[in-house]
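Here it is, the structure in full.
Going by the order they are written in, the chains are A, B, C, D and E; count residues from 1 in each one.
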Amino acid sequence: MTTEALALLVFAPLVAGLVVIAAPRRAAAPVAVAALLTLPFGLWPLTLVVWRGETVQVALAGFAPPLGIVWRVDALALTMLWLTLVVVLVVSLHALTSFPPASESGQRFWPLWLILIASVHALFVSADLFNLYVTLELVTLAGVAMIAIGGKPAAMRAAMRYLLLGLMASLFYLLATALLYGQTGTLDLYQVGERLDDGALALIALALMVTGLLVKAAIVPLHVWLPAAHGKAPGPVSAVLSALVVKVALYILIRLWFWSGGAAGGDGAALLLGLLGALAIVHGSLAAITQTRLKMLVAYSTVAQLGYVMLLFPLASTAAFRAVTFHMVAHGVAKAAMFLAAANLLHALGSDRLQRLVGADQRHGVNVLAFALAGVSIMGLPPSGGFVAKWMLLEAAWRQQGWGWVAVISLGSLLAAVYVFRVVALAFAQPKGGSVRASVGARGGGRFDTTALAALLLAVLAILLGFASAPLVALIDRGLPPGMLP
Amino acid sequence: MTAIALGLAVVFLLLNLLAGLWRIGQGPTAADRMLAVLLFGSTTVAVLLIMAQWLGDEALRTVALLFVVLATIVTLAFVGTTRDGERP
Amino acid sequence: MTIGVLVDLMLALALVGLSLRVVTGRALFRDIVLFILFGLVIALSWSRLGAPDLALAEAAIGAGLTGALMLMAYRRLVAGGAEDVAPRRRPPLLAVPVAVLTGALVALIGLAALGVERVPDAAGTIVLEELGASGLGNAVTAVLLVFRGLDTMLEMAVLLVALLGAWAVLGEVHPGRLHQVDRRTPLVGALLTTVAPVTLLIAVHLLLAGTDAPGGAFQAGAVLTGCGVLLVLTGTVRPRAAAGLATKLLVIAGLAAFVMIGASAVALGRAPMSLPGTWAVYLIETAMMLSIAVTMTLLFARARALEPERA
Amino acid sequence: MSSAFVYVLAASAVFGVGVYGLIVADHLMRKLLSLNVMGSAVFVLILTVGGATPAGPDPVAQALILTGIVIAVAATAFALALIVRMFQETGLTSLRGRDDDD
Amino acid sequence: MSPSASTLPGDWIGIALLLLGCAFYGAGTAGLLRFPDVYSRLHALTKADNQGLLLVCAGLAVLARSWRVAALLGVIWLLGLMAAAVSAHLIARHARHSGSRRTSSEERP
């Protein structure tokens, strides 16, 4: 049953993507929707098994490693799969309107979108270093293609920069994979972890791999590609890039560190990664505060929020792991909501310059509300998911007497409050002269349509995560890294 | 003896290649550079064929065959490429 | 020092020299030509290293296809008025130290890695032991299709995504105007009638022989692309405004064959990606070859579809 | 001195050269050339550090390289399409300048 | 055929042909380097290299002692001839269209 479920997650969107390419236009929407709706049926059996504390393993073509590739779903992978499912389903709802499948733009968007979903799934379940390389490349290329999809110059520039840096990062990763293979004779993540000694060669290989992944994860100072790439992409694409695609690299990084012997790098390396995270939090937040465009602001917020994940490496405790994994989910949902809301506002107002937002609440209340709710989670205010994550992280740092980390986490929330409030305050501000200036260039964004609904849905979910954090925490606890106790 | 002769032949042909590089650097026209590519193509074919004999690797003859066939395509791409592009 | 190592040294020297010129040169056209030669020397290096499969792929893909793609893109830029020669700029201060350090570091770990003793149960060793069970004689093809088929399937997805991405940024297509070599030129006509069929033959040979000898779908697909490129460059085919069903089916064939066989294994109660027999290898490889050839030709022609030129 | 030794040294140098090009080059196509040069260096390194079997270089390493070569050419083709379109829209062949436009 | 340690009498013929072929290659390269204009360089290179390839193929065919290999070498040579002819023609045409002149034609009336 679990094998079928796992295969469904990868093959269903892939098949749908192929059908959308070849089939007549009117078939695109039903096929895509049908494929998306099968995904929960794939995820549910896996959840049942993992919830019992087991791990799902499928040796592809029946060949066990080191000969073959293994799909492996533990609680961490499952958590990311659930995040993917939620984000993808709701963002697809948005895309059904913003990229109608039968339209010219939809015909470009949907095959890439479905293949992207399949590849994200394939990545999260893969336990093979080289297979991860291929899926990572697939995710990056699909992401780049979707950023550039509109053909706008700014978006293409951003896509180009992302592509060049992404390809360079992949080469670092690939080189490291080869070195690890040479030493261990295997590409399986877990076997590499078992067979790797902590000699200098292994450490350098891991360092190369980590460097490549940091570029893909846009950790300061290797983040230069992210703001424009996420800020200039079409709404659904920005949402999924920020919510999932950057997390993909962080996910591999965490796997590598805690499952494949990366921690052999020692406390110094862990501290360095943590410091980069702290730098990301501060730099990203400050940059977000100074932005004049809404989507760029949200993109810089992503740079900052990714920094929190890096604090896991120096803290390296069960509590920190729990907190960071929770944070990845909470941020994913909230940031997707924020980008969708921002994109809706951009579409409605004709520009996403912050000054244009004045009075937006009157005509675009739902989107402003979604943005504000998601902002609550990003800031880490109770009772949101973001609050739970940051609180847990704060507690973890506190318990280990990492006062520096405590200070950074608190500062990050404070700065986040500044940039979120800045937007919300503008949106609720009274327009000069009392008239609604926002109507200039408005393009029917006032209605409560599915695009607004999608943003609001995700925003509400981001808040609800705060109320219903227990099951998620319980799930995360079932997949702690080796050596960590619940 | 045969092996040494084959090896020396490869070395000699490779020296030819390195000399051809000079012509590419020198130019002066695009056509001159393409000529050097022609030299590279035909010399590589010979090198591959000799290496097939030298290393006892049958497959290298297939590689040589492939080179012969694909060499013209690069020339074609070139001729289509430079009419108004390359300055003499 | 044997003659073999002397040859290696010369190839190595050529590699380093060529890469330096390619990277630091300021006349783009010349440096693309040098890049093609770089690929050629890499192909020779693969031959020396005992990897004819890679030599084949490099000759067709690395040097041939990438080079042709670059030349074509260059032509499009220049036709639009782009400058070929770049102005001399001061390189960033840190560039040289960073590059030297990176190179030295890689050399250090590479040399250290050479000294590592090989694990007795390395994947590659097991592949050779299990080769009989796969029904194939070529270990590389066996890894690509049987043991690690998932990688290859996803790689076909990468190729498809590249085409979809290129289509997404295609903008307006001007049908017709692509080639400048007249196919009515006597020699070119002769070339078309001899080389095109020969490429086809070689492609089929590589495909069929690839299960037991060096070769396989990628090499065959790349050679077939050579045929496609020839047709495009001589104006035998020309771009069309929209892709028809046949084009779309050809483009997805490789991935679709893989997906269908890989997924149907699950329905039959076997592990995903298990192949039902050697016939499946041939089926998938044929589909892959066609997909690779059509996809790469379309990418080369920067077109959604191609149709024969009516004389 | 063995063949592998020579090629490791050469590939490392080529890798460094590629890094240099990626930093210094202005023209996008040259950046792409640099990336491809780096890629070839990585492929050679994979084969040499991947170890050897009695029947020649490690078949798994060879398969990885083949996959890598195809991915590289696919990415290159897409990048070139992007470069050409970007040039048509903006007249630029580099990423210099600011990103700020509507 | 695997590289043989001992050299059979017939192999000497093969080696001689091979080395002669290499000499032609050397001559072609010398022409490429030394001749004054693109047309004469083209002339030298393609002619000499084709001759060189023929001799190399012949030499290798003798060394290989296999009709199959000999046939393959023959095909390769023929295709090489074809490719060189077409390429040379196209390059020459291109050179003429883009205005390259023969140095010698200026010297002769």
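What we mean here is this: a residue touches a chain if its C-beta (ideal position, glycine included) is under 8 Å from a C-beta of that chain, and two chains touch if they have at least 3 such contacts.
All values derive from a computational prediction rather than experimental measurement.
Peer 1: Following contacts chain by chain, what is the lowest number of steps it takes to reach chain D starting at chain B?
Peer 2: When the steps are counted carefully, the minimum from chain B to chain D is 2.
Peer 1: Please name the chain that ends up farthest from chain C once chain centres are defined by their CA atoms averaged.
Peer 2: A
Peer 1: Looking at C-alpha means, what's the farthest chain from chain E?
Peer 2: Between chain E and every other chain, the largest centroid distance is to A.
Peer 1: Where are there more C-beta contacts: A-D or B-C?
Peer 2: Of A-D and B-C, it is B-C that has more C-beta pairs in contact.
Peer 1: If you average the CA atoms of chain D and of chain E, how far apart do the two points sit, in angstrom?
Peer 2: Here the centre of chain E sits 33 Å away from the centre of chain D.
Peer 1: Determine the centre-to-centre distance between chain A and chain B, using the mean Cα coordinates as centres, and give it in whole Å.
Peer 2: 48
Peer 1: On a C-alpha centroid basis, what's the spacing between chain B and chain E, in Å?
Peer 2: Computed from C-alpha means, the inter-chain centre distance equals 11 Å.
Peer 1: Starting from the mean Cα coordinates of chain A and chain E, work out the distance between those two points in Å.
Peer 2: That pair's centroid distance is 58 Å.
Peer 1: Can you list the residues of chain E that touch 2 or more other chains?
Peer 2: Counting only residues that touch two or more other chains, chain E contributes 79, 82-83, 86, 90.
Peer 1: Note the residues in chain B that touch 2 or more other chains, in rising order.
Peer 2: If we look for residues of chain B contacting two or more partner chains, we find 30, 34, 36, 41, 55, 65, 69, 72, 76, 78-79, 82-83, 86.
Peer 1: Residues of chain C that contact two or more other chains, please.
Peer 2: Residues 4, 11, 13, 48, 50, 53, 72, 74, 106, 113, 116, 118, 122-125, 127, 148, 151, 155, 158, 161-162, 165, 169, 171, 181, 191, 195, 198 of chain C touch two or more partner chains.
Peer 1: If you go through all the chains, which pairs of them touch?
Peer 2: All chain pairs meeting the touch criterion are A-C, A-D, B-C, B-E, C-D, C-E.
Peer 1: Which of the residues in chain A come into contact with chain C in the complex?
Peer 2: Against chain C, the touching part of chain A is residues 3-4, 6-7, 10-11, 14-15, 18, 21-22, 58-63, 65-69, 71, 108, 111-112, 115, 118-119, 122, 130-131, 134-135, 137-138, 141-142, 144-146, 148-149, 151, 156, 175, 179, 181-187, 195, 200-201, 204-205.
Peer 1: Show which residues of chain E lie in contact with chain C when the two form their complex.
Peer 2: Where chain E meets chain C, its residues are 79, 82-83, 85-86, 89-90.
Peer 1: Help me check something: in the complex, which residues belonging to chain C touch chain B?
Peer 2: Touching chain B: residues 2-4, 6-7, 10-11, 13-14, 17-18, 21, 29-30, 33-34, 36-37, 40-41, 43-44, 47-48, 50, 52-53, 55-56, 59-60, 64, 67-68, 71-72, 74-75, 78-79, 84-85, 179-181, 191, 195, 198-199, 202, 205-206, 213-215, 219, 223, 226, 229-230, 233-234 of chain C.
Peer 1: Over in the complex, which chain E residues touch chain B? Could you list them?
Peer 2: It is residues 1-5, 7, 11, 14-15, 18-19, 21-22, 25-26, 28-29, 32-33, 38, 41-42, 45-46, 49-50, 52-53, 56-57, 60, 63-64, 69, 72-73, 75-76, 79-80, 82-84, 86-88, 90-95, 97-100 of chain E that touch chain B.
Peer 1: Would you pull the chain C residues touching chain D in the complex into a rising list?
Peer 2: Listed in rising order, the residues are 1, 4-5, 8-9, 11-13, 15-16, 19-20, 22-24, 28, 31-32, 35, 38-39, 42, 45-46, 48-51, 53-54, 57-58, 61-62, 65-66, 69-70, 72-74, 76-77, 80-83, 86, 89, 91-92, 94-96, 98-104, 106-107, 110-111, 113-114, 116, 118, 122-125, 127-128, 139-140, 142-144, 148, 151-152, 155, 158-159, 161-163, 165-166, 169-171, 216, 218, 292, 296, 299-300, 302.
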